[in-house]
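Note that the chains are named A, B, C, D and E in the order they appear, and that numbering of residues resets to 1 at the start of each chain.
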Amino acid sequence: MRGRAVRVLRPAVGAAVLAGLVAAPWSVDDYTVALLARTLALGLVAVGVALLTGVAGLPTLGQTAPYAAGAYAGAVAGGRLSDVGPVQLLVAAVAGAALAVVALPLVLRARGVVLLMITLAVGELAVVLAGRWTSVTGGTDGLAGIAPIRPLWGLPVLATDRSRYLYTLLVVAVLTGLVLLVLRTRAGLLLRAGRDDEARLRASGHRVPAQVAGVHVAAGAIAGAAGSLLVTAQQYVSPADFGFDTSALLLLGVVVGGTASVGGALVGAVLVVAARDWLFGALPGQAPLVLGVAFVVAAYLLPTARSARPAPRRSTPTARPADAPRPAAMTGVRP
Amino acid sequence: MTGVPVDPYVVPALDGVAYGLLVFVAAAGLVLCFGVAGILNLAHGLLFAIGGYTAAAVLDGGWASLAVALAVGVAAATAAGALVAVLLARVATAGHLTQALLTFGVALAGGSLLVAAFGPDDPPVRVPAALDGSVAVAGHRYAAYRLVFIVVAAALAVLLHLVVRRTRAGMLVRAAVDDAEMVATLGVSPAVVRVGVLAAAGALAGAAGVLGAPIIGPGPDTADAVLLLSLVVVVLGGLGSMTGTLLAALAVGQIQTLGVALAPSAAPFLLFAAMAVVLAVRARGLATARTAT
Amino acid sequence: MTPLLAAEAVTVRYGSLTALDAVDLHVPLGQRHALIGPNGAGKTTLLDVVAGATRPAGGRIRLAGRDVTRLGPAARARRGVARIHQRPAVWDSLTVRENVLVAALPRAERAGRWHPTARRRAAGRTAEALLDRVGLAALTATTAGQLAHGQRRQLEIAVALAGRPRLLLLDEPAAGLSAVEVGWLADFLRGLPRAVAVLLVEHRLDLVYALCDTVTVLRDGRTLATGSPAEIRASGPVREAYAEGVA
Amino acid sequence: DDGPTAGSGGTVKIGLLASLSGTYQSVGKDIRDGFQLYLSGHDGKLGGRKVELVVADEGNGAATAVPAATKLLKQDRVVALTGIVGGGSVAAVYPLLNETKVPFVGSNGRPELKDVSRVWHTSYLSDEPGEAIAAHVRDDVKGKVYAIGPDYQGGWDELRGFTEAFAAAGGKLANPDGKTTFTPFPATTNFTPYFARIKASGANAVYTFYAGGAAVDFVKQYAQSEIKDVPLYAAGFLTEGGVLDAQGDAARDIYSVLNYSPDLDNAENREFVAAWKAEHDGSPTTYAMASYDAAAVLDRAIAAAGDDATPEKINAAIGQLGQIASPRGTWQFSPTTHAPVQKWYLRQVRQDGRALSNTVVGDLATVGG
Amino acid sequence: MLRIERLCAGYGGGTVLHEVSLDVPPGAVQAVVGRNGAGKSTLVHCVAGLVRPHTGRIEISGVPVAGRQPHRVARAGVGLVPQGRRVFSRLTVAEHLVLAAAPWRAATPGGEGWTVARVLELLPRLGARLRHRGDQLSGGEQQMLAIARALLGQPRVLLLDEPCEGLAPDLAARIRELVGSLARSGTTVLLVEQQIRHAVEIADRIAVLEYGRVVYDRPADEARADPGAVAALLSVAAVAEPPASRPRPGVPTAPGPRTDRPRQE
């Protein structure tokens, strides 16, 4: 019953959120709009995180790496190549995807917590690199004063918070929609199947490694595009934007949003990041306390918290194929 | 002194051992609750910090105060661990990610409460005077207190191994990770097992926090640093194997000391690069391990 | 004529335990071949080796004459090997229909249907037909994780068949099936096209004798005997090794 | 858009952004308290106007500083911004300042900036402490000095200031490659391997810069290491504020250079220290002093800006202030860098009654501009 | 001994068991048969406390246990051999045996207690695999381990959910004998068994579950006397169930809980 309610409510909530986001710049002040634009960029990264973690069952703490690659690539492209937004987006997405490709040998075989730690390491390495490659990244102080973009050739530059926000919103909406569409095809089906039982998927003749590589690269490209949006939104970029706390917050946002739901991840991450940013301004010094309590409460309210299904288990490589995951149906439910 | 050829790598290597063992002690609680019992407790660093702050508050340079600090720190961290267990009870069937959300929240909130109580500065920690010096080892000076850890860690590793592998309690914990319901049908409440594990992990973290205070923290960053290092070590060690964790801790120790001494310019990359490569290689190995020998 | 499946001197060791000791097995095209033996004889292990889930320490596996010993399970599946596991393995969070769909997709691809919708439609048709055949038509929209034990087995059979295999490896398909479903399973196996070879592991000897042309008895990782059901029934040593159940 | 103004005779809104949580919270809190100390000593008024001080949390760095600053500038519409612990945070907030045209009187972090027309600092430039002490170290040590510091922008600047001035003064570094050794920051908590290298280099002294937790670790481990007898010189932050308590005896005898010490003997400082001690435990730090001075700067600038104190006018007024009397001694803004031209002091950690404290043992160069 | 009264249970919002009532006297074997998905395992899980019933009573020796936590039910003397074995994959066989030997439980009334030695005598194959982990056992070995685990708990009420699944015929026969002897020594047994022939052989009573309802519940003697009855209920030709060709059972048409069961999220 709960499930049915969620299914009915989800599109309604989605529509309400979208309407609210479109109306936002005319109803709140510049501060909130600027904050929302930054947050939306992070929300797009969360879409990639949900794609990996929730849909494909490949938990990640390392999406900040392609995110950073995209941000710096976008910033550099903005300075040297073109001030047209979509061009920068494209460059950034390619950079993100390229970084994902470079990291592939590390992540391809790993699953579960091990993958989580590997991606954490990749993220940390990216931050260290961003901090030391001063000539491109401006070091730990970052790149400031990045020129505003124009949305298309011939259009004026986006000089106000509102216009930058609307551009960000548009791009995020389009890319998220694209992801949702792709997930409705067989790609989505296969990813979910791989999350449940990879060995069985292989035994049905599917090329699982190609699939895993594909989703990593796709998520990398999304994160890269989000990096370019971040640069557009805040016109500044520094390694601090890509620290471990960002990855952790993203992952938590995805969990709050319902793990396997891409739209939910977007909303969840936006909520979590906006709450944090807002709290730092509103409750100086108390933000961690309030945020911490909020996380505890969120964990209790999550629909997944009481569901009977154990977390999707990937059949551990050591387990015998004959011991495929135990029928969840057989683990009794205490409603 | 002058007769001994100055070898700049002796001390780092020795320190790597001591540092690795310290990391093992700090991670011991997490090995138990995450490695063995499969409960992802991101508040582990907080439990350690509780021990650390207790040490800072109680230690006055005498041996008696060390005993008092140990007792108080262990008790406080045990209670905090049990509290985490109670909070986790409602989300017990949910996956690691929900556990992460909850325990991360506890860590954030608890951490800021600790800082509110003890202030933002790193408080001074006073070691018993006998240990607060350095001793000569192979012609080099070395902090005496760090040598203590070699003993503590060895004892802890053996003890943990025995408890987890040989006692009924250890078996119950491992069984409950696999199938809590079947544990229940044996007449043991999985909830009790969970509380027990987290309380025990809290006790270990508290003890580590007190003993480690003269070296790691306490301070506002301690919890995060300890958590991250512990996670690295526990996962590198192969989740739940004491020997594996000990080896991983020693390796991390050497990377952080000898590695840094040998290649200082690569220092910022060393730990994570090594970790990523080791884990990736091992994942590859596991994937092909189904190949029977 | 080369047999469809030839396992030659397959050896598998787990530490000091030799689970399979130089086992030979030949399954010609279209044969219904049973593999029986006491618990722990190595039957599942042999299926693992044939399916590519376990790499043997020695020996080789040929499929239609080609050496596939080094190929992984996916590659073998694409060459027509499908299996059901001793413990039913399905994709828990997918619906029953989606489960079969996933398994039907590679086949639809191989059939040259590159147009995505056509491919999906073809796979969808296969799925529906199969689910109808295994008796799960009423449950197509149910999440597989909510199925009862026997229903999971029914589903896994449908999943295995969705790839239109040439060689079907069945590990105790009747275990946990009710009398009704066992009857259907028998009919169903009998009704399989002759182009499909079946390697059946089963402890219910009534089924084995009724369905199979050839029976191989395995014990402690060694082949004890291979022959027709009648020969196996009659063989003294086999009877002894496999106790009274053989009779 | 009329922009924020002080409104004639009404209140002025000042934004203070500092790390109130996270790694640098002790610095952030000093900054907040220093500013408030000035306010409470002046009836809550600056330039004769009632001040509404809006405080926001900078957190751990740019990621949290930007939204908080955005709030101060765009929602609260403050007429001036002060505080900010991290240089990275300042760089991140900088485009917002340009956009909103609000002056910033920073009291700590100061990154490399292209255009400082709206940016002022009451602290110092990161390379100045090293520059101020270099000549003294060369004279004092008469040998090779090992330079080591944390691997981030602040560390690079601090150490560059020293090594460049030191080389110019004819000093020689003991580092094998002639370059400063940088330790990963903030990851390094164990400095023993570096001490082994210093030992091997045969250095006669060490120059360093660390702050916060890393400073505690460095000093404590140094005192137990095999180079504990090698003299240690540092930028003052190594032993400043709360870290000194945590270091305890390990910090004894360390030399440091700073623009301030609580035992400076001048009227402003006596007043400042007395007021501080009335409200807080322990002595004020240079962070608190710089923030106190930031308030003083704003006090005079708002007064000079007159009734209609817009951000632009306040900014212009800051440029005209001239000499500023301060607990650190008199200083003034450099017209080019907008940072203080000030005197630096050599201090040593010594017993002062029951506690250890940084005692001024001499004047160093006047640096800035 | 074991009384189930008007038990309704299900998952999420759906109902799987409808007013199921069974009464098993001490020392009796109650067999339950039924088609796949009929609700047999759900019934067993309700008794064991793994599924909380919606309504109805479950009594063990007169003590109500419905809705109690599973470990409390177990301490009341209920042992379970679950469907699908569910052995602990990372514990060795020896460790399973140590864990299962519950120190707080007295021996079965009237019988000598189960000891590790006795269990290994019954299932010698386990003795040869003591150091193997649960996930390194063959299917049948896992089943043996599940049985051993339940026996060592000295149950007074034993729930067997298809205990012979995956066992070689000779061993399956031995387990069935064991069930008989256990019952004779006072253990109450609830046995889910798919092979009707065997169910009828060892049970004292036999019940047929269809779509979660008890549609037949008679002494086994009656079923033996009239082999057609049970089979007919299951639309199987005969109890002997030779796998002969017969009309394919169609898709279930009866209005049952299957189709309208809401999915869980």
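One rule holds for everything that comes next: contacts are C-beta pairs under 8 Å (C-beta built on N, C-alpha and C of every residue); 3 or more make two chains touch, one makes a residue touch a chain.
Chain-to-protein mapping (UniProt): A, B = Branched-chain amino acid ABC transporter permease; C = ATP-binding cassette domain-containing protein; E = ABC transporter ATP-binding protein.
Keep in mind that this is a model prediction, so the values were computed, not measured.
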Any chain in contact with subunit B as well as subunit C: A, E
Interchain contact steps from subunit A to subunit D (minimum; 1 if touching): 1
A-C compared against C-E, more contacting pairs: C-E
Most distant chain from subunit E by Cα centroid: D
Length of the line joining the C-alpha centres of subunit A and subunit B, rounded to whole Å: 30
Geometric centre distance via CA averages, subunit E-subunit B, whole Å: 45
Centre-to-centre distance between subunit E and subunit A (centres being mean Cα positions), rounded to whole Å: 47
Between subunit D and subunit B, distance of the C-alpha-averaged centres to the nearest whole Å: 35
Interface hub residues of subunit A, defined as touching at least two other chains: 128, 132, 286, 288, 307-309, 312, 318, 320-323, 326-327, 330-332
Residues of subunit E touching at least two other chains: 11, 41, 48, 50, 82-84, 86, 89, 136, 139, 263-264
Residues within subunit D bordering two or more other chains: 21, 25, 151, 184
Sites on subunit D touched by subunit B in the complex: 21-23, 25-26, 29, 151, 181-184, 186-190, 192-197, 199-200, 212-213, 216, 221, 224-226, 228, 241-243, 245-248
Subunit A-facing residues of subunit D, complex: 20-21, 25, 55-64, 66-68, 70-75, 87-88, 91-92, 94-95, 98, 111-114, 151-153, 156, 184
In the complex, subunit E residues that touch subunit C: 11, 33-38, 41, 83-85, 125, 129, 136-141, 143-144, 162, 165-173, 194-196, 231, 234-237, 241-246, 248-249, 251-252, 258-259, 261, 263-264
Partner subunit A, residues of subunit B touching it in the complex: 87, 90-91, 93-102, 104-113, 116, 179, 181, 228, 231-232, 235-236, 239, 268-269, 272-273, 275-277, 279-280, 282-284, 286-287, 289-290
Interface residues, subunit E side, partner subunit B - complex: 48-50, 69-71, 73-75, 78-80, 82, 86-91, 95, 98-100, 102, 104-105, 134, 149, 153
